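Letters A, B, C, D and E name the chains as they come in the text, with residue numbers starting at 1 for each one.
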Amino acid sequence: MSPADWATFALGAIGAFFFLGGTLGLLRFPDLFSRLHALTKADNLGLGFIVAGLLFQTGSVAVGLKLILIWGLALFASSTACYAIGRHALTRSGTATGEEAENERS
Amino acid sequence: MGIFYIVMTLFLLANMAAAMARVFRGPTAADRLMTAQLFGTTGVGILVLLAEAVPQPALRDVALVFTLLAVLVVLAFTRGHTGQAEEARSRGNGGDA
Amino acid sequence: MSGADILFDFLLAALLVLLAWRALAAPQLYQAAIFFIAFGLAMALAWTRMNAPDVALAEAAIGAGLLGVLLIDSLAAFTRGRERGEAGSKHCADEGTRARPMPRVSQAVVAAAGVVFAAVWVTAILRMPEGGGLTAIAGAAMPESGVAHPVTAVLLNFRGYDTWLEVGVLLLAMLGIFCAVGKTGFEREQRPAHIDPLINWLVRFLVPLMVLVSGYILWLGKTAPGGAFQSGVILGAAGILLRIAGFRTFGRLPVWAWKTGLVFGFAVFLAVGAAALPAGRSFLEYPAETAGAWILIVETACALSIGFTLLAFFVCLNAAGGCDGPRQPNRTN
Amino acid sequence: MSGLLVTLPLILPIVGALVCLFLPARARPWFGLAASLAITLAVLALARATVLSGELTHSLGGWAPPLGIALRVDGLACVFLLLTAFVGLPVGVYAAKYFALPAEAKGEAFLFWPLWLFLWAAMNGIYLSVDLFNLYVVIEVLGISAVALAILSGRPAALLGGLRYLLAALVGSMAYLLGVALIYGSFGTLDLTLLGALADTGFTTRLALSLILTGLLVKTALFPLHFWLPSAHASADPPVSAILSSLVVKASFYLILRLWVDVFDATLTYAIGQAMGALGAVAVVWGSYQALRQKSLKLMVAHSTVGQVGYLFLLFPLITVAYEGLGDSPWLVHAWTGGIYQALAHGFAKAAMFLAVGIFVLATGTDDRESIVNMVGRLPMTTFAFALAGVSLIGLPPSGGFVAKWMLLKAAFSSGQWWWAPMVLWGSFLTAGYVFMILRVAFAPSRGSDRLRPVPRVLEAAALALGIGAILIGFRAEEILTLIDIESPFADLVDPNEGGISP
Amino acid sequence: MSVETHDIYMVAAGLVFAVGLGGVFLCRHFFRKIIATKMLGAAAFLLLVSVSRRDALDAPDPVPHAMVITGIVVAVSASAFALALARRIRAETGQSTFEEGDAP
């Protein structure tokens, strides 16, 4: 394995760790906003580290730029989405717990 | 290196399967939507890894399209619901037919 | 085939079946929609595993992106306006949105039927003859097709008739939606919405990027996975994003412009195809030397029309049940 | 030149539909009728060319099968193309007038012409295509345009019926597509002609056959998969009901017939044939019985379709013995032509019946069976059209329905499968029951006020033309049989002395 | 005989189809019925592509891929139409299932 491969390996593992953290947070955290926080970790850092790792493998600049674009877009979209979800949850319930009544149910 | 990619994708897929539990539990629609968001990001991660592993450069385009369209669902959701809430608040029950 | 590969496929296939089942059996409609969107994502991954990036691209654009929007948007229409009205409508909503638990006996019957079907299915798969497929024949015809990517060649040249009809199906579905919604479909405007500053900023950045990517995917189709459909869907998504954010640019178009937008791709395809007949060629046959150029023209027209049609789907669907509660029963037109 | 002939029945309606979309509402009926006339002429020219030169084929895009998609015209295709045109033309005339009436709820009637021309193109596309996947796409065009037409009136009943119709159609086409995928996996081709030489008796092929058949049976509304038909057909506007009942179910029936004899002849068994026949027989009885029970005129006619579709399926056990090596007898021809004749006769008769009932409803303002008292005195032309259609449905002598049932009976007896004969007769008996029940009311002297809303003569003339058509095809058996025999799978069995069965 | 990728997805196609078929008949809400028909379509597409992969790993058969893309677009159009109908019915009658006594 070349040094580049080692770098990919290490960065990929860190990315995977953040994905794991995001998932665990989503599953374990008590309220909506902390879950939202966990989610952004997976989105921003998890994917970011994986992409950074893959950058060591790409031969061409174009491919590297495309990868960075994908990450940038994901970052951008997820922060907007989280903003929208958060705002929605606030307007909906009026509290920061996010525990809106079970009225989605029926 | 091939085995590294496949193990990574496997790990991400397992992650995705585990996150499904949040869709069950909810409790709010926003939680479920967040899970969908996480699914999307994980899927993009798998795609960029596969693009390197197979190798199939076109998969990066697939990932690009995914990230580009991911935000649509979230906005459609918040619009439908926020709109409803605001509407109910501002003008009671007026129909607009 | 390494073991990890097979493990991945197993897990993904199991996830597919599980998601499909949960999407139909989950107690609440919202869960159903989210599971369905996840199902689309898993399908896209399955396509990549089967070396079908073209299909994965289409699935990513349509299955996960566009259909998700239509479903989520419809969901709001199904769940709102419930509070109004009497016991009858409440009963209806409760019965409808929630999956009812089945009686034990029915459960057993359904499970038994499923097991029988699975057994029959696996037998059929195992006994399937090793069919040849058309890979070799398509490969041999590639030099005359005018493009370098086999899937694009099949879609727009070898089996262009299917593709032409498919664009027709889009147009027809739009006419159907128009019937379902009523004449008000295009005329009904959204409430003037307050545009959130952050979303406004997002849209201003994202929409031009989408148009750019759409063009890129279209151009890619000649040599690599991509082409008219995927490109058209992204274009449509850009329009829908504008709509969702509260911009109303498209609602102001006159009806004839809408119609032109819907018909354009189908008509151009037909015109190019029918022009071959007086020249003594077959219907939908391109002139041999300039096939590539004609295909590009047809693809561009189709992409524009597909994008436009998908946007029209969204706009009209909104009119179908956007308002709270029952509409006035006697509409005039 | 043959390329133009073969593709015109497809291109003309589609061009017509697109142009119609952009015309002002006033001009649409006139343009639509002109287009219908042009399509009819194109179909006649195609039929003439087929009679003169035999089978015609055309490879689309210049790519021959298996890579490309081919169109093929033989006698069977011509018969159904002609049926569509000759039923479509009078129905179009009726629709032109009907949708111009200042009725209460007109819904999105201005879309009738584009949708109907699209539907027409789809039906012609099914009759011409010989590619399994292309047929899937065309079936979807057919299904979507049919549902869109069915909901034109915009009434809640029509919307509900339409949604059920759409869901049933989707399930049907997905089952069909799954079968096609199995076939492609097994044989690597989609062309019907090539597949005819390849299809075997393997388990996979059998499963594919059952999936494809089930899918198409849903669309043809064979008992017990007919659940969607009555609500969809009865809640639509009369011209649309006529089109759906008389033409659209025939398109998927045609496809079953085509696949049965051209592709899966090696895969079929005696038992499958008998099962289809049995379902058909039950459908005949069930549909007719339900029709007898209906208080609503339109529902009665819709249930009658369920029964009459059953007759079509009596054809399958009678032609399937051939594949069991039981004989190459001339009576196969009787079964074959009898089945096709039933499709033709029902096409004309059912269209006439729906149009006539539409006129009754228009005149009285109600759909109740008992409201049509003394129609024979008040709307004699329409009552006559209804009676003619009834005669053909029952199968009384000079009609097309008689020729069909006579041939089926003949084939049943000479093939030794006598048990289908009582089914045919019993079905006729029940049909006579509901037809005469209506006529009894129509002939009864009126008790109350005789006031009717005025009905344009054109509507009555269109219904009558179709009723006469249902009788007339009984007299023109010679020509129709000649056409059916072109490239028929049983053509070599034709006995010239047996050809014409003039009543 | 070893298990290959395409075998797995072929079996999955059958199972998804079975789930979808069950859903079409057992689910009552229009929304679920529409999703169920999408499942049926997905199963058919899955099978088409998985049979195409069998004969060549490096150069898969382009014909089924093209058919599936066509199929996806057709299926989405039909679903959108069904959604529009269901929403209109809901808006006009408040009903989101077929009435009791009606066939499924």
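Convention: a contact is a pair of C-beta atoms (placed from the backbone, for glycine too) under 8 Å apart; a residue touches a chain by one contact, two chains touch by 3 or more.
Note that the structure is predicted; figures quoted are calculated from it, not measured.
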Fill in the blank from the handout: Overlap of the subunit D and subunit E neighbour lists contains C
Problem - Longest centre-to-centre distance from subunit B, chain (CA-based) - result: D
Fill in the blank from the handout: Taking each chain's centre as the mean of its CA atoms, the one lying farthest from the centre of subunit C is chain D
Exercise for the section: Using mean C-alpha positions as chain centres, tell me how far subunit A is from subunit B in Å, no decimals. Expected result: 10
Exercise for the section: Determine the centre-to-centre distance between subunit A and subunit E, using the mean Cα coordinates as centres, and give it in whole Å. Expected result: 30
Exercise for the section: Indicate the whole-number Å distance between the mean C-alpha point of subunit B and the mean C-alpha point of subunit C. Expected result: 17
Handout entry: Whole-Å separation of chain centres (CA-atom averages), subunit A against subunit C
Key = 27
Completion exercise
Going by residue number, subunit B touches two or more other chains at 26, 29, 33, 35, 57, 64, 68, 70-71, 75, 77, 81
Completion exercise
Multi-chain touching residues of subunit E, meaning two or more other chains, are 17, 20, 30, 51, 54, 63-64, 67, 70, 74, 77-78, 81, 85-86, 88, 92-93, 95
Problem - Sequence positions of subunit D contacting 2 or more other chains - result: 67, 133, 137, 140, 144, 147-148, 151, 159, 162, 182, 184-185
Completion exercise
Contacting chain pairs, sorted by label, are A-B, A-C, B-C, C-D, C-E, D-E
Fill in the blank from the handout: Residue set of subunit D touching subunit E in the complex reads 67, 133, 136-137, 140, 143-144, 147-148, 151, 156, 159-160, 162-164, 166-167, 170-171, 174-175, 177-178, 180-182, 184-185, 227-228, 231
Practice task
Using the touch rule from the top, collect the residues of subunit E that touch subunit D in their complex.
Solution key: 13, 17, 20-21, 24, 30, 33-34, 37, 40-41, 43-44, 47-48, 51, 54, 63-64, 67, 70-71, 74, 77-78, 81-82, 85-86, 88-89, 92-93, 95, 98, 102-104
Handout entry: Of subunit E, residues touching subunit C in the complex
Key = 2-12, 14-20, 22-23, 26-32, 35-36, 38-39, 42, 45-46, 49-57, 59-70, 72-74, 76-81, 83-88, 90-97
Handout entry: List of subunit C residues in touch with subunit B within their complex
Key = 2, 4-5, 7-8, 11-12, 15, 18-19, 22, 26, 28, 30-31, 34-35, 37-38, 41, 44-45, 48-49, 51, 53-54, 56-57, 60-61, 64-66, 68-69, 72-73, 75-77, 80, 84, 191, 193, 199, 202, 206, 209-210, 213, 217, 220, 224-226, 230, 234, 237, 240-241, 244-245, 322-325, 327-328
Fill in the blank from the handout: Contacts from subunit D onto subunit C in the complex sit at residues 3-4, 7, 11, 14-15, 18, 21-22, 58-63, 66-69, 105-108, 111, 114-115, 118, 125, 133-134, 137-138, 140-141, 144-145, 147-148, 151-152, 154, 159, 162, 182, 184-189, 200, 202-204, 207-208
